[in-house]
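One chain, chain A, links the two complexes that follow: it is found with chain B in the first and with chain C in the second.
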Partner chain A sequence: MTALRIAVGFKVTPDYEALRPADWARAATGPSAHGEAVRYVRRVFNVFDEAALELALRLRDARTERGLETSLVAFSVAGREADPFLATLQALGYEGARVEPDADLDFAPATTAALVAAATRHLGGEVLLLGSRCGPGDTGLVPFLAAEALGRPSLPGVTAVEPAADRLRVTFSAGDQPLRATIAPPCVLAVGNALVSLLRVPTLKDRLATRDRVVTTLTPADLGVDVPAALSREPSALVGLETIDRSRAGVVVAGASPAEEARALYEEHLHARLERI
Partner chain B sequence: MPLSREAIVEGLRGIVGPDAVVTDEKVLVESSVDNFRKLQNIFDVHTMPVPAAIALPADTAQVARVLTWADDNGVNIIPRTGATATEGGLESVVPDSVILDGSAMNEIVKVDPYNMQATCQCGVPLQALEDRAREHGLTTGHSPQSKPVAHMGGLVATRSIGQFSTLYGGIEDMVVGLEAVFPGGEVCRIKNVPRRAAGPDIRHIVIGNEGALCFITEVTVKLFPYFPENNVFLGWTLKDMGLGFEVLRDVMVNGYKPSVARVYDPGDAGIHFSHFAAPDDCVLLFMAEGAAGIATATADGIQAIVDQHPECTQVPSEYIETWFNDLCWDASKITAEDERIRQTRNVNRTTEISADWSSINEIYQAAKQRIIDEIPDITMMGGHSSHSYINGTNMYFNYFFNVVGVGPEEETEKYYLPIIGIICEETLKRGGSIVHHHGMGKARAPWVKDEYGSSYSMLETLKRSFDPNGVMNKGTIIPL
Partner chain C sequence: MAGETPRIALVLDATGAAAERHAQALGGFLRDGLRFSPEHPADAVTHLFYAEESARERLLALAPTRLVRLVRAPPHRPDLMAAALAAFAAGGGAELFVFGGPLGAESAARLAARSGGGVLTGVLDAVAAAGALSCRRHVSSHHLIGRFELRARPWCVTLDAGWLDAGFEPPAEHVVQASTELREDDSSAPRLCDDVEVFEPPATSDLEAAQFLVVAGRGAGGRAGVERIATAADRMGAAFGVTRPVVMNAWAAPDRQIGVSGTRAAPAVCIVAGSSGAPAFLWGVERAGFIVAVDTDEHSAMAGEADAVVLDDAVTVLEALADIVARERL
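So, the complex of A and B:
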């Protein structure tokens, strides 16, 4: 098998778990409020992208054990907030690159996909791994639009990738069905709920050894993408956000004994639901 | 002759009732360690002697009977409530120990808004007491990261401290009275008074005893007015920890009492503040609270002090407020952290010490450098100062390492204990204390004689007097 280059596109997002309910309510009042509410929250890897980054490292390790040459490049369409994350990835053996957007690309999947595809062509990468989706409001379309732009096959809901001779054995899911496929690169893999979801951590020595490595910085113009024009062609536009009402009602199940309570629970609340299953 | 495990279980059932004695093997195995050897539970690989049983007494009388029975039969008792200990205080280091778990004693006895104090049993979660106090517009002022999961008995037993300590003090400043049971079953109550000069302050025999002298059954703590609407958050970035310590000292020496006063080194700041701090930035932050005039004056005074240091760059207060609102560790965060360790084998540990202003930066620098140089597989070495006093401050070393080449059960010996050793050595060398607020447990007990110096005889005398048969939490504070 020839050398393989794996590209992983990732996004740095606000740590939504650090938001209080009041912050969520503020985020839901409109697009600009969304930005304001999350502005002061620390940043983390988008969870699906983090899984993709670790899957790529494991694929590299598995190939290295077989004596197969593999190189890794990670890139993000982001501002300088991605730099600490790129430093971590460089310490783990990735080359790092950042595409500096000149516009807000939230809720702009076609434009984002155009940049991702162009970055992949520019940086190289027979295999492109991307997280399935990213954050509230994400359409989940970017991996497939990028695959279309690259003219490559894609697989959804990828949970594992292993080397198989000169191909890749991919575990993925379509709908509720777990499936396995052997695929020959080039390809695009959209990583879903992988069991391996967390990125390994580089040592301080790894960090020191790579701290002078330069992150490749690219502009949309470098990649030949006209962002304003692409944005004007987006098929849909965000006009507002609203919270989903997840409030629940509660009832006290009464009975003279635990057995009676259990019977009441079953007959009044469970039986009809079970019948519908 | 020691009792058999079966006899221990029978003895306990006779005192607390059969339903209040836990003998489930899995629960017992998991209870053989606390967070000091947390990887044993995360990876289900256990090496410590398995306790014979867990007894859950319903009241003080049952606690007294258990301790009488244990003393008569030489059974080692490990007192616990919320089971959130981090320093091995809950480890069963001798076979057939009994965990005496006060979590079923969970009644809030009285909230007294007029006298500004609340009484509760040992198993009351701090969060529950805090919620009850808030119903009266009051607060306990105690907010350790473990607030959602820790219980009052354990917090008092380990000399806990909270995130607002610079204003409210540590738990020792909050406890006004308590009830404790000693080996042999003697129940002692220390009454609730504002202050007294009737000899030594005997509260301090109980506060911080870590279950090595007695079992705390009830505590009464102070309450304070709660004014969250007046909170003011302030934050700066700077390049030098030494300057950070100097600013903290200026704030303390000038008499300001912010509830939160912290300086983070670049490594630790990178974990919390990388969205606004550069990789080589320290972060200095404060929270002022209280009645409006006090909060404003405190914030203004701190602002004036930091303004004298142009090396400090102010950041929007929202960064600090947002960070602070997400600081406590609830059960979901603990579960997520366990999963992170399971997947990555990257472990986060902390060790906290204290020292005077002259020594703290030297201790921080020396310990940090030695750990980086001497310990393999370190992925982050940093720390912060989070509890300041007029004469000094603490240093909360925060470090991560990858567990490489050994089983998870060997993590403590290969990495954690050697790091603790370096921190203790560098602290003792400069006259500091090796424990600021986690307790000695069994982890730092090997250094107890160096920590106490010539006053160690007082500690030994306490242990000998109150626990002559040595049945209280063997190996904790005083090593085996």
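So, the complex of A and C:
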């Protein structure tokens, strides 16, 4: 294996931190309300997927230095909201593809995994890099279900991938146990809390050079996946949502200066409690 | 089969780290997290997967149920575990599989895929009634809780990390129902790697045990601010943790991270300085007896999630507090 093709499956999600408590209360009024409530919030790469996309670029760079051929393809099962993200990825050297689902797959990990596996077969990619989990479902099932559908082994909690001759040296974590192994693709790697977490920014020159490149658009039918049938077999169904009340008293500690506030905090709230420790 | 009481299998992956905590999580969940309507199930059985013969007796003692099926398996082979459990399920062995341990999620996913069953991860609690398993779990980065239903059996679930602190005494005696060994060539998927190396001890942390904890967030302003808060914490005799952006900016070491992708603490007193209190972070401190927020923004979510709030600069307040505490306490 000298040439290696790496596929990265990613999702863009609403920036959940931009939502206010009132938005969450509205989102919780029903499974379909969730999508409505988050519709107009700005989109971001799912954090683990952003790390996966940057790790793949670094792996390509490291392999290129060693004279090993590497190609990259990034894809998302998503609507048009993913297009600006795909344009950025193309400017960074990825081929881009989008699988247009004809249904809401937010809480449908098995159907998503079937499409992710089929897209990987279609687009190629001995290494499939995914994130450990993504919203709103946060199940972390897609990597394992996709691995199962592809008949591939997988590793969880991946934090680094380096070339090792024509194989890969992967740092990962199972539970809280950090591990390292040399692997031979094909495989599925689920990226966890990698320290490399930010995607590099393409240069203006690269953006201009790839401006006219089209994103491959695929339908589930192109991939041989029957979405309604897959949805009817989903291994779980969302039936309701609840908000979580995390509020506490929030008593404001008064004082004219930080020193006074610290004094009041200590005397009114901490002194007795720290005595007991 | 609907209406019948499902037979329960706990699946303890003891081939990797932290077998004891995962055993406690399974036991705690069986005791407190699982309800049946109308009838309660008969005995549950633990499938205990272990790698080293020398560890067998020690691990057997951890099993959360009296009945145990021992399975010796090569490490890092969730596909083999899933194949063995699929055969057990097909033989009518169990309808509900609760997984614990590092390979739990992958084994659960692969078992459900192979047996056409239902699967859900991170379960907070579950009720089996009317032929379905209803489970609650966090969704949307811990902003909401979702209620899910599993219909097709076997039901395969993994547990919310909160169950790791359930506290559970295993039974004093165990009955070994079966003892088998899985071999690599039983597998359908190819072997991925044979040189898995543990290169660091598992992350054990002072943060979990800390009674007094100070956490610095992005509001510390930079590496210097984070270090000043860390020094203040040290002077007060408090453990020191940080939020995710602090780690991502390399202002502190990764093992300091508090939250869903870091450590979950349970201090008597916790001071959170310069964090907005996002749910993914708050999960790591919400079991604290008393929470103080120090934040310049009175509208930050953290202010409402704290028992007491100081609306001022994180570094200045923490240093002033350290002066007082160091003088009065130490």
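Descriptive notes on the structure:
Methods note: the second predicted complex is superposed on the first by the 245 of 277 C-alpha atoms of A that agree within 3 Å, B and C clash if a C-alpha of one lies under 4 Å from a C-alpha of the other, contacts with A are read in each partner's own complex, and residues count from 1 in each chain.
Please note the rule applied: a residue touches a chain if its C-beta (ideal position, glycine included) is under 8 Å from a C-beta of that chain, and two chains touch if they have at least 3 such contacts.
Because the structure is a prediction, the values reported are computed rather than measured.
Using the contact criterion defined above for the overlaid structures, shared-chain residue A:Pro84 touches chain B, although it does not reach chain C. When the shared chain is aligned, chain B comes close enough to touch A:Arg200, but chain C does not.
In the superposed model, A:Tyr40 makes contact with chain B only, not with chain C.
In the superposed model, A:Gly175 lies in contact with chain C only, and not with chain B.
Judged by the touch definition given at the top, the superposed model places A:Leu265 against chain C, while chain B stays out of reach.
Judged by the touch definition given at the top, the superposed model places A:Gly151 against chain C, while chain B stays out of reach. Taking chain A as the reference, the larger set of touched residues comes from C, when chain B and chain C are compared.
Taken together, the two complexes place residues 17, 197-198 of chain A in contact with chain B and also with chain C. Chain A meets chain B in the complex at residues 15, 17-18, 20, 23, 39-43, 81, 84, 87, 196-204. Listed in rising order, the residues of chain B touching chain A in the complex are 270, 272-275, 279, 316, 318-319, 321-323, 325-326, 339-340, 343-344, 346, 372, 377-381, 400, 402. Chain A contributes residues 16-17, 19, 21, 24, 27-28, 34, 107, 110, 135-141, 144-145, 147-149, 151-156, 170-171, 174-184, 187, 192-193, 195, 197-198, 233, 235-244, 246-253, 255, 258-259, 261-263, 265-266, 268-271, 273-274, 276-277 to its touches with chain C in the complex. Residues of chain C touching chain A in their complex: 16-18, 22, 76, 78-79, 101-103, 105-106, 109-110, 112-114, 116-122, 134-136, 138-152, 156, 188-193, 195-200, 202-203, 211-212, 247-248, 250, 254, 257, 261, 268-269, 276, 278-279, 282, 286, 289-293, 298, 301, 303-313, 316-317, 320-321, 323-325, 328-329.
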